[in-house]
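What follows is a set of structures to go through.
Heads up, the next two complexes both have chain A, just with different partners, chain B and then chain C.
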Partner chain A sequence: MWSIVKTIWTVFLHAFQKRITVQYPEEGFNLPPRYRGRIILSRDPDGGERCVACYLCAVACPVDCIALQATQDETGRRYPEFFRINFSRCIFCGYCEEACPTYAIQLTPDFHMSEYNRRNLVYEKDDLLINGPGKYPGYSFWQISGVKIGGKDKGEAEREARPTDLQSLLP
Partner chain B sequence: MADLVKLTIDGKALEVEPGTLVIDAAKRVGIEVPAFCYWEGLSLQAACRMCLVEVEKAPKLMTACTLPAAEGMVVRTETPQVAQARKSTLEFLLTNHPLDCPVCDAGGECELQDMVFRYGAGESRFQETKYHVEEKQWSPVVFFDRPRCILCFRCVRICDEGLGVRALGIVNRGVTSEIAPNRGDHLECDECGACIDICPVGALNSGIYRYRTRPWEMDHAGTICTHCSNGCKTTLGVRGGTRIIRGNNRDRSGINGEFLCIKGRYAYDFYNHPERLQSPLMRRNGKLEPVSWADALSAVARRFSETKERGGKFAVIGSNHTTNEENYYLQKFARQVLGTGNIDHHRTGDAAALREALQGAPGSLATVSDLYGRKAVLVIGAHLALEQPLLAFTLRANYRHHQARVYVVTEGPVREDKIAAVSVRAERGRELEALESLREPLRGEPELVILFSDAIQGEAVGKLVSFGRSLGIPVQYVCLLDYSNSRGAVDMGLVPGAGGLELDEMKAAQDIDVFWVVGANPFESGRPAAKDAFLVVQDLLPTETVQLADVVLPAASRYEKAGTVTSVTGEVQGFRAAVQVMGAKPDLEIIGLIGKQMGVAAGMGPWSPEAVFEEIRKTVPGYDLPPAVIAAGGAAQAVWSDGAAGGRRRTGTVRSDRNGLFASGTLGRYSKILHSVLESRLDGRS
Partner chain C sequence: MSLWSIAVVLGVLFGVLTLAAALIWVERRLLALWQDRYGPNRVGPFGVLQVAADMIKIFTKQDWIPPFADKPVFVIAPAIIVVTVLLAFAVVPFAPGIVVEDLNIGILFFLGMSSLGVYSIILGGWASNNKYALLGSLRASAQMLSYEVFMGLSLMGVVVLAGSFRLSDIVEAQRGLWFAIPQLPGLILFMIAGSAESRRIPFDLPESESELVAGYHVEYSGMKFGMFFVGEYLGLILISSMITTLFLGGWLGPVLPPLAWFFIKTFALIAFFVLVRASLPRPRFDQVMSWGWKTMLPLALLNIAATGAAVLWRQGGQ
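And now, the complex of A and B:
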């Protein structure tokens, strides 16, 4: 008897509290920034593609939903020729983001990805690339790596000396 | 033999031969001592300091790679002190090492990466600027990035000692030391890629593999190189079952160990040459037009049956590239179904004559490991380093490790002169006379391996063998051949039977009705004399013979089929298919399908490689080899037993193509990589 009264009282109190439920999809809501939703490929602060096609995301992926092919441009910059994520397979575990050595692949707080056609869930590189650096604004892999690419010569990265000409006597 | 030395490594007691290095002794009991500069078989460097171990009663840590095992030695390889030393060593190695791992091709198979993962030192305390040098391209296949180099000098030593080329050296000193190629800014060498393979980091990387994929993304298929006769195992990295990405032999399986020349490592690229035949062709109105397999096969079968019925004359020309199974099946088909003895292939060395001469002395054929272990070696008439790269490599290793005495009888100077005890120059055809001058020194040797090329053929082979017998010491022989299965072709019976025509006679005969060419290019320089003959060709690429053909059946290359081949030393090795190419079928299957169309398949037996190999084991003398060894990727030598050598011989029909390192008969013409290197244009031979 007493427990029934207590239950009714609790329900009564809750009726006056702030609503937790949201009228989705009419109403939106804010997800935390580290929510694991739709995967994107980010860009360097200077606008270049961050992905260097190292295949670590593909090997980390437990469901094998990432496919890519490495290639290089005429200046020696390594990038993916194609980069494909099959979101109908993706389980949003975030392992790819964890594996990525260049912060290129990131998960975003967005899950509005339903499609009528299953094939539309296969995202190509153009669909994945965003126009900014995502969660890591200042980072640029090519400024740390010793490899020469277009616009950055050997020895111009952080904490690197310019190549020395050993044949020269000039200081 | 001296007494064994007893020592203890990490609590495990073991006995080793005196002089064994601690690092090797540890490996025997399953303890890995990490090392960058140490490489089994090369000289000692002790440059990297990774192999430091604790030895009881020694005041400091010792380098295991230079420390010979001593009686009562107690070694510990995993103490905190050792781990600390290795961590510090790694930290030093990383001071100038760039953070390129995500874009470096060695990523995933980098020894430095593995060691840092194991011992830490992931955080660098080095605050100064890193020393940097421009990346260089030394040749189409070799790139060098100095900052990644950890100066282990493995590449310098393998090139100098292993290959005998001496194309790499070290310039400058201290932090500015770097590896330098022999021509200042580019390499002029054998382009074998051994330096790339042996590099523990990504400093030397391959132009072919560069930025293509990752080691874990590939499937690895062990196959036997399809070019020269040495039978090196090349492990092909394949993606998606259709693309070969690279070739190497990192697991050191096969008779070649880690050795590969440019052909084994890079010249697989003929398989996707733009001109590769991928559909059967039939001549209609004077032009070769693509047709379906069914049409092509029925046309061939109809013509074969028709010619056989009216007693026409067949000529069957086999290949020295195809597998043992295919060769066996082809000659069986020709003999049983077509009823012809006109079977031959391009013979590049007189193995048949050697077989006859060795009657009554089985076990006189040397293997590659014999070549490494025997005390003396005699090379006759061949530039071994260019024509037989693995045998030359093994011989150099024998000289280096066992101080083998090498005798050379050749026409001109050869690279083996450098390691030879005696070099004799002899005109072609006069090698046997020159040999007499070596009789006395050879008599003093405890044992001997004789390698001879097509310079010794016909009756001369018999004379050579009796010369060998007259020395009074154990003598083993290798008859040098050109192509990957030349020896197998002889053993399987691709030689004319009694009354059969030889290759040259077939070409010259006026009355041949049907030519059947399987994987060969006999009409490279001129049409057959029989102008109206029906010409059936099975091949990969549009060779001169294919251009003349009436029916062309596209065949699968070595890398697209399974089977076994016999190397120049008679070692039989198996392989499996690495890739698939649309439209092409293995020759074995094509022959089987022709048989099926003719309605004779039942008598020929199944055309699966395993079934045919079973039959070969039962019927071909010397081929009763353990299938488990072959299937597991091992090599077993086919020993000629006594009995009819088969086929008649005539001198003058044996002719070697004398392919250098950058040529491989018709097949080599279709490898772009082989022709991309500078050396291939310098001169055809070196």
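And now, the complex of A and C:
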């Protein structure tokens, strides 16, 4: 009997407590930086596209919402000719981000993606590319990979040894 | 019938029905208040137009009568509860002169009408031809029968003190001291019985969503379902206004006009019932029954005996 009275009193005291509800459209709130929201394509610190069009994200995607076509520029640097994510299919699982070998594809804490027309949820490369390195500042795939592209020969990458000269007899 | 009495009838009818509709919003806001939320606050100022939105929704919903139901009874059942509760409002004195019919057996009329309300639930559950509905209405009948017994008995102390069954006389008898103080056990017993009568949450076993889906109104939809809820809210207002009249001095109070005092007290009681709903879980059915018969009924009898003895002793002393 006493416990019932105490319960009612405790619940009554909750009237003076802070509300838990966030008045969403008017009040914003901060999501953790690793929240899995809208997908973006990031760039190198020097401004080039990070994506090397390896298709690993498209393969990893469980709902097949990523479509892309690989191509190369004249210097041998691979990039996607088009890169398309259908966000009406995307389940924001983050497998594409895990699969990406170059940190190009990243999930962001933005989720305000409502559209009246379903077709508007198909994002093209222009919509996905951002002007920065995203969550990995300073990382540049082409600068540490051993692949030869324009302006960087084999052995000129960071912490990369010069290739062995097979014609030389010196050790 | 004079113009004034017609005005009172219409005023009570519309006032009470509007209040019952507004309670949808009030209850949701109050529950939210005690659960650290805001409740409906989008439609109109503070969300008051939520009531209008709910009404539009419930009136335009498909009103489905299941083919296996007993059609005439199924249709009549939700109306019974609203009619009986509204009839019970006829004897409630809102202020001196503002009462539909000041019967000299007002309390008995109120008890009779609130007992008739149980037919609505039994018939609704029976006519639905559904085992959950039937179980719900079985529980309702058992619960309401056992709680009605001491509901009536808990009021007899007030009647003994006031010396009348007429509600306006009972209010006048509280000029010196509200009956809530000499009749505190009666007040607590009547509150418990009242919330069991109006099937509110600690005693919503006829409805119990977790075990009986929705209990007696599981087959109801649209406004027929709405009628059960209007009936429940009307019952809540009725119980609160009866407690106000019988124990809290009705319209009596300083400065403010009598009607205002009546509404303040009634609303405070409604808020208290919502608070109880927010706090307490639903007991097991056998606990409800044994609590009613083995604890509340003897307490009510003791209360009458003690009150009667006190009144007689005081008369003998003169």
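Keep in mind that, in the parts below, the second predicted complex is superposed on the first by the 152 of 171 C-alpha atoms of A that agree within 3 Å, B and C clash if a C-alpha of one lies under 4 Å from a C-alpha of the other, contacts with A are read in each partner's own complex, and residues count from 1 in each chain.
What we mean here is this: a contact is a pair of C-beta atoms (placed from the backbone, for glycine too) under 8 Å apart; a residue touches a chain by one contact, two chains touch by 3 or more.
On a predicted model such as this, the values are computed, not experimentally measured, just so you know.
A.B. asks: For A:Val59, select first, second, both or neither according to whether it touches chain B, chain C, the two together, or no partner.
C.D. replies: first
A.B. asks: For A:His14, decide between first (touching chain B), second (touching chain C), both and neither.
C.D. replies: In the superposition, A:His14 touches chain C alone.
A.B. asks: More residues of chain A are touched by which chain, chain B or chain C?
C.D. replies: Counting contacted residues of chain A, the larger count belongs to B.
A.B. asks: Contacts for A:Leu169 in the overlay, against chain B (first) and chain C (second): which applies, first, second, both or neither?
C.D. replies: In the superposed model, A:Leu169 contacts neither chain B nor chain C.
A.B. asks: Examine A:Ile4 and indicate which partner it touches, taking first as chain B and second as chain C; both and neither are also allowed.
C.D. replies: second
A.B. asks: Which bits of chain C are touching chain A when the two form their complex?
C.D. replies: Checking each residue of chain C against chain A gives 33-38, 275-276, 278-280.
A.B. asks: Which of the residues in chain A end up touching chain B in this complex?
C.D. replies: Going by the criterion above, the answer is residues 52-56, 58-59, 69-72, 76, 78, 101-102, 141, 144-148, 154-155, 157, 159-164, 166.
A.B. asks: Considering the complex alone, what residue numbers of chain B touch chain A?
C.D. replies: That would be residues 98-103, 107, 127-135, 145, 147-148, 172, 176, 210-214, 216-217 of chain B.
A.B. asks: List the residues on chain A that touch chain C in their complex, please.
C.D. replies: 4, 7-8, 10-12, 14-15, 17-21, 23
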